[in-house]
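We just call them A, B, C and D in the order they show up, numbering each chain from 1.
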């Protein structure tokens, strides 16, 4: 299997245009101090949260998460486990097994269903923690595996440190702006695309925003093969513009891995990941469902999300909500 | 092991006071129609959601969820799996294994961490789906395993059907009202306790509320043995008053299993569960963290929560939020 | 995903030659009595075992099992989990985590490695238990799910009932006899192929034998895609001849699923499985490694194997051994 | 939880008699060369295997393995997962789910059962690989995590390197010799006990033997609590005598962890493990079932066992067999 992947990824790297001059990449030092574990999420304050909540003008709640089911899309090329679901107790099974020792009559009366799951932490709608990708053996803010990576994950920047997120959210609907047909084959969304879509949508970005970029890929979520096939993604130019010029706090998209493949860089197979997580301390959400928001043409909303507090983890599932606001 | 459990649970049943006359229990037929899968969550509307969101007076967000970690409390008496977390990729491991085939230099530069989890669906802060407990081989609204229970869970009332929840929330702080010392040994919280606490707190219940009952047990969450030891719970009288007289929509508590053991009923080892889920179509949240809310003496709030959409599942983790409101 | 499988398997069924007249298939009643759970493995006796052990003429032991590793071949089309391996403790991780509470000096001195696995029971070299496939809701000897299938597997014919197997083993090397190139595309090995190979090898089958059929597929075991691609398999004619005319006790092969796809039958997607397991009470071993045995041209041997006693399971891994005998 | 373990294990260490003078412990250098990964299992040769097989005098095969079942004993104090078993397909579930897309008639006819497992690698009857415990950051023969420990286990001495084991086996029945009542509370079996039992049994040890020590603990295997409670174990004096004076190749016992707790050493919580695995290159088998062998008073036998080839793993399940020999 390694051989196959090698072929596949080596090919990707060979396909890379060498025209992009490589800047020296290294992990960022947090402006919020040496103990900081959450990067740009520090931009939130009680005041900023109340501000956006106060702008809510509707009780229509948009659910931005996909379902979790056996057979759902899963990045398994590097050996990670897919989603598994199994029943641990069923009404009939408890009658046969009598696991509680209370006998047939009790178990026929009280019909018990229990179940369990297992999954890679980067499946379904989820947020990437800052430790997911580092550079040269360090993660965001200089934390090292030597000191902080045990067998149960990172003691710094683990998913349990990610706070509930309440902020102004903005949808940039690239699939509608450019037409899905024009971006479906590994297209790299750049800053001009973002600017054009924003202009057409008649909105503005603000410091501290949560920016969600729709590629349209989520319409194929039920069919993993199609969902993975040549999906478009966000390029370095786009994220640099969002972070460095627009002061965005958090990003999200509806495709597998935010950026696309092959990578833009010769010596970094996930340059957008390392730029955001390791250099800039910016988390992002992957595999969102932005279809309903797009259909309703809702571009500004209160974004409310709270990922599971998985101690030490490099990612965590979340089910984000969008509630329309009037930001004028 | 079965023998041990048998002894333990048989003992529980034998300890039960036989004074409670048993009414005939059977699954409820939904007032929302034969296709209904979400029971009392139908009480929410866009208007009800907007109403509570409009009453928000603070940007202080209370996180009502516990952490997920190896060794966390887990009900394993009936064989269910505990929480597991494991690393699938580490910065050093990818250098040794070269799983992407891109070689040492690449893997030394791009420091990759990935991980996976497995868990029983009723661990940590989670909501019980209506299929979790039925009566006499049926679940809420009469759905049967024969027709709807496959190997990947229930095709009716699975966790993916649970909508995002936004409603007025109320904390009833029984641990403070009665003193934790007085309830810690399997105390059964009754309707008088609820009424007394509500009165002391100076609040009122309203139709459609989310009612969270604090037993104080969550202060021991880090130590599974203590957390499980003789925890107090809510009794039948209390839940009947909440549902039938107060019109509550959703319940929650901070202990293992909402109700306590031994059960109040002779022929039902989880009478509160079957009453709420199977008879009344009322879901509830277990293993919450209500400590901060209690310390801040916040008794009324916008309750916002969205459980993971685990297809077919009998329960699902969620990280609920509480934001203070002014309900006058 | 269901749609994809549907397409794939429906296609298979449509491709099936309808020329084979379907006999009515039903589960067999064991000649070893109504309590029998092991079918033809009853053919073994202390005398039969001693007999074959007494014929051993060499200490060269052939290992007939493949390795278990992340990325190994796994039948996932119906949602079953692949093989997962993860470290639960490492020398460095225990120093960081201090899981035993004994401190840094102790954990630096005592370098601890622990790990865990998860897998579908039909992966790697494994034996199919008689409950793996039944007919019309019953399994071998008429046992029913209603009475015997709980949440922890079958209370009858589970893998824990499979005894250690010691018997005369025979290799029928079809890949060598016919040439792998000639069988690689879904070829169905028939009884004439078996007879021809046996004759060329200069051996005879005997009542109670373990017969291993080499298709040559195991040479691709390290590359799951190739291993699964159009693999050849054994047809109904071949197994009927082996069981009904030769009185063979146990079968084995080196391919994914013993039989090949598309199935020979229109209304049975695994006719060889149900014939052997459900009708005849004959178990078989899949995904063996028969390469070394073939290279050494060892055709008769003491076959020694003992599968893990997984309670209630439908299959179990085993690592069978072959030791050359002189059977004259 | 860490606090609990800390208390428990610290207590153990404090209970340790400090009278044993500590020798400096360090990993052994293999006499079989710098590439050696299997330690004393190198003592086997084709000749040694044929020799023992030739002495077999019976076809009675003793099964030395316990069953695997949900609730079986599992060392979970350091967070390792217990044994899980779950059904992935059932006859009824496939009718409801139609996972293969072939429809109701097909799935009602072909009654499919599939299942999956997960487990710590040190559960049930299993062998410890040489990498399970090292000293000062190295394992047997000086291999280091830095060079050889990836995310999928050790690239040296992993369980896949353990050969099939065929050798003379000897049972030393300490439970019978001393009486179980006299050893049940954490008794440490020493070399005098071994010598006394051997003498009483009328046997001799030979170079290259597999020595199995019966403590009697396996009679409680079905009840995990009792099985774990104050089990006796083998002490340093005993293993040193077996390895250094008797030239034994492989060891085994029927208790949780071969040695007992508290440890004999102040600065090593598993001194017998590190002595055998890291210093001497001797593997051992834990959690065996030696009850039948004891009842039959079979003390000399052909020992035949083949652990699953779990790549990189620190341990592996096996189902060893014992067949009586006449060694005179």
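The rule is simple: a residue touches a chain if its C-beta (ideal position, glycine included) is under 8 Å from a C-beta of that chain, and two chains touch if they have at least 3 such contacts.
What you see is a predicted model, and the numbers here were worked out from it, not measured in a lab.
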The chain pair with the larger count of contacting C-beta pairs, comparing C-D against A-D, is C-D
Same interface as A-B shows up in which of C-D, B-D or A-C, over half of contact pairs matched?
C-D
For chain B versus chain C, which are copies of one sequence, does the interface use mostly the same residue numbers on each side, meaning over half shared, or is it different?
same
Determine the centre-to-centre distance between chain A and chain C, using the mean Cα coordinates as centres, and give it in whole Å.
41
Where the CA atoms of chain A average out and where those of chain D average out, how many Å apart are those spots?
43
Please tell me the distance, in whole Å, between the geometric centres of chain C and chain D computed from their C-alpha atoms.
26
Among the residues of chain B, which are close enough to touch at least two other chains?
2-3, 70, 79, 81, 84, 86-90, 92, 99, 116, 118, 149, 151-152
Chain B residues touching chain D - in the complex, by the definition given at the top
1-4, 70-71, 76, 79, 81-82, 84, 87-90, 92-94, 96-97, 99, 118, 146-152, 155, 222-225
Given the complex with chain C, which residues does chain B contribute to the contact?
79, 84, 86-88, 92, 116, 118, 152
In their complex, what parts of chain D are in touch with chain C?
2-3, 5-10, 13, 25, 45-51, 53-54, 56-61, 63, 65-70, 77-81, 84-92, 98-102, 105-106, 108-122, 124, 131-139, 145, 149, 151-154, 160, 163-164, 166, 267-270, 274, 278, 304, 306-315, 317-321, 323
